[in-house]
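Below are two complexes that have subunit A in common, paired first with subunit B and then with subunit C.
Our next item is the complex of A and B:
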């Protein structure tokens, strides 16, 4: 029989691992829109983590700021500028 | 049996801590090594969020081997008696890191918006958001 505290720690570990995977994919993704969506997924796991760590007020502030407002601002920036991140050094070096 | 459950709790909590520290490492790599300015902004927000979560964890009462389950730092009655206050002090998590993190989230939002419009201005002036191309410009 699993106790309640063990279940809490199990959910904490799961959110930690999911946020680690989402961060890794967001940093290595060259399509910037996919990167923003992955960072929003990572923020959602942090919201669950704040709730489990007994900080519900932080979770309430964090949902609109980090899942709503911030990806909207970055998507606005991507729409105005560039969609992809150029990863290789040769393309930049061959422009001279 | 209790000791084994305690070891399991410690193991699960350590998974959380290690994944947060790996998040710090990955986002620092993103800030320093990725060429695109937009990717740098995304990595910076991930870094600041992870720092906030680590600050919240410092104030958490339920590190493994807790006697009682912790409660949020909220007093539910408007005129608390001394028994209420004693129960609150014994079980509530530390509210000071939460107040600091609440401020840090709002300030981080303002800084992020400033960086976003700075990047937009860089794109309007130079036609690129790649830091290698910006570094090659003369004059």
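Our next item is the complex of A and C:
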């Protein structure tokens, strides 16, 4: 019989792995909009971790800030620049 | 590109392995999850947080976290509020002189010309009141559950943000949610926090007893305190009021910043370069 705490640890480890995958994809994604969405997925897994680590007050503040306000702020900023990340070092003429 | 991928993957794996090794060797103690047995300091907080027989030490709130945030370690939270205030003032300084009335006048005031599709708009119409209700519940139950002013305020700020993204800034401005009401909400919240911190002092001045700034419940040498209950309902003295005012302040601040952030760039540029004056 598996103990409940072992199951909790396993679930936390899996959530951590999901957050790691989301982080990796967010770093490599050249479309910045998709990168923001991946970053929000990573934050969602962190919310689960905070809750399981018995910090429900942090989880409550982390949901609106990391899934609502922070992606919105970054999206507003992306709207004012370019949508994709350029890997090459070419100087791109701006539209102005 | 391939080297970059390998580098990112390698550094992430290295990070995970380092942390795993550190935790396996007991860097956080041998139990990453909080222990069921609490430490002495924690047990003291848990013992006094809602203990009417222990009048000089209790905060009269069943949630130890809320009691620590606004009572035992209340000054920390007060200065956090001050830091957040300064950050928003800094953001507003960048947008000085930009008035939203001109944005509204320039716009073609047909709401349907802007924003996302009808499906998104209908979903937003349904969700916005729900978000406001949930956030108000988080803030008003801040002294009873794991919520609080900041949690509720940041959740409330998601509602105008949703409207801003889905309907456009013109919709929000034409409904009267512009910078002035948000600024007033914010100021009212901060003023409320200021007055609540001084409430015990005012009561002390009126009754001639000793009292402290930021005092919640009566203390040994200061027998003045805010009421812990109103007609049988627990409000935990100052915690309830501080949560409400923090809620207003945070919601106002976030909404103000997002309204200014979503302004069309040409408008802001014309203001900053000095072409438009009002």
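Basically, the second predicted complex is superposed on the first by the 88 of 96 C-alpha atoms of A that agree within 3 Å, B and C clash if a C-alpha of one lies under 4 Å from a C-alpha of the other, contacts with A are read in each partner's own complex, and residues count from 1 in each chain.
Simple rule for what comes next: a contact is a pair of C-beta atoms (placed from the backbone, for glycine too) under 8 Å apart; a residue touches a chain by one contact, two chains touch by 3 or more.
Small disclaimer: the values here were computed from a predicted structure and weren't measured.
Asks: Applying the touch criterion given at the start, work out whether A:5 contacts subunit B, subunit C, both or neither, answering first, second, both or neither.
Replies: both
Asks: Based on the superposed arrangement, let me know which partner A:68 touches: subunit B (first), subunit C (second), both, or neither?
Replies: In the superposition, A:68 contacts subunit C only.
Asks: Does the superposition put A:32 against subunit B (first), subunit C (second), both, or neither?
Replies: Touch status of A:32: first partner only.
Asks: In the superposed arrangement, does A:40 touch subunit B (first), subunit C (second), both or neither?
Replies: A:40: touches no partner chain.
Asks: Touch test for A:54: subunit B only (first), subunit C only (second), both, or neither?
Replies: A:54 contacts both subunit B and subunit C.
Asks: Can you tell me whether subunit B or subunit C touches more residues on subunit A?
Replies: After superposing on chain A, more of subunit A is contacted by B.
Asks: If we overlay the two complexes on their shared chain A, which of subunit B and subunit C does A:82 touch? Say first, second, both or neither.
Replies: Only subunit B; A:82 stays clear of subunit C.
Asks: Quick check on my understanding: which residues of subunit A belong to both its subunit B contact set and its subunit C contact set?
Replies: 5, 8-9, 12, 20, 23-24, 27, 53-54, 56-57, 61, 65, 69, 73, 76, 80, 87
Asks: Touching residues of subunit C toward subunit A in the complex: what are they?
Replies: Listed in rising order, the residues of subunit C that touch subunit A are 1, 4-5, 8-9, 12, 16, 32-34, 65-66, 69, 138, 146-148, 150-151, 154-155, 157-158, 161, 165, 254, 258, 261-262, 265.
Asks: Would you tell me which residues of subunit A are touching subunit C in their complex?
Replies: It comes out as residues 5, 8-9, 12, 20, 23-24, 27-28, 52-54, 56-57, 60-61, 63-65, 68-69, 72-73, 75-76, 80, 87.
Asks: Once bound in the complex, which stretches of subunit B touch subunit A?
Replies: 5, 8-9, 12-13, 15-20, 22-23, 26-27, 29-30, 34-36, 38-39, 41-43, 45-46, 49, 52-53, 56-57, 60-62, 64, 66, 69-73, 93, 98, 101-102, 105-106, 109, 112-113, 116, 119-120, 123, 128-130, 132-133, 136
Asks: What part of subunit A is in contact with subunit B in the complex they form?
Replies: Residue list for subunit A touching subunit B: 3-6, 8-10, 12-13, 15-17, 19-20, 23-24, 26-27, 32, 35-36, 39, 42-43, 46, 49-50, 53-58, 61-62, 65-66, 69-70, 73-74, 76-78, 80-82, 85-87, 89, 92, 95-96.
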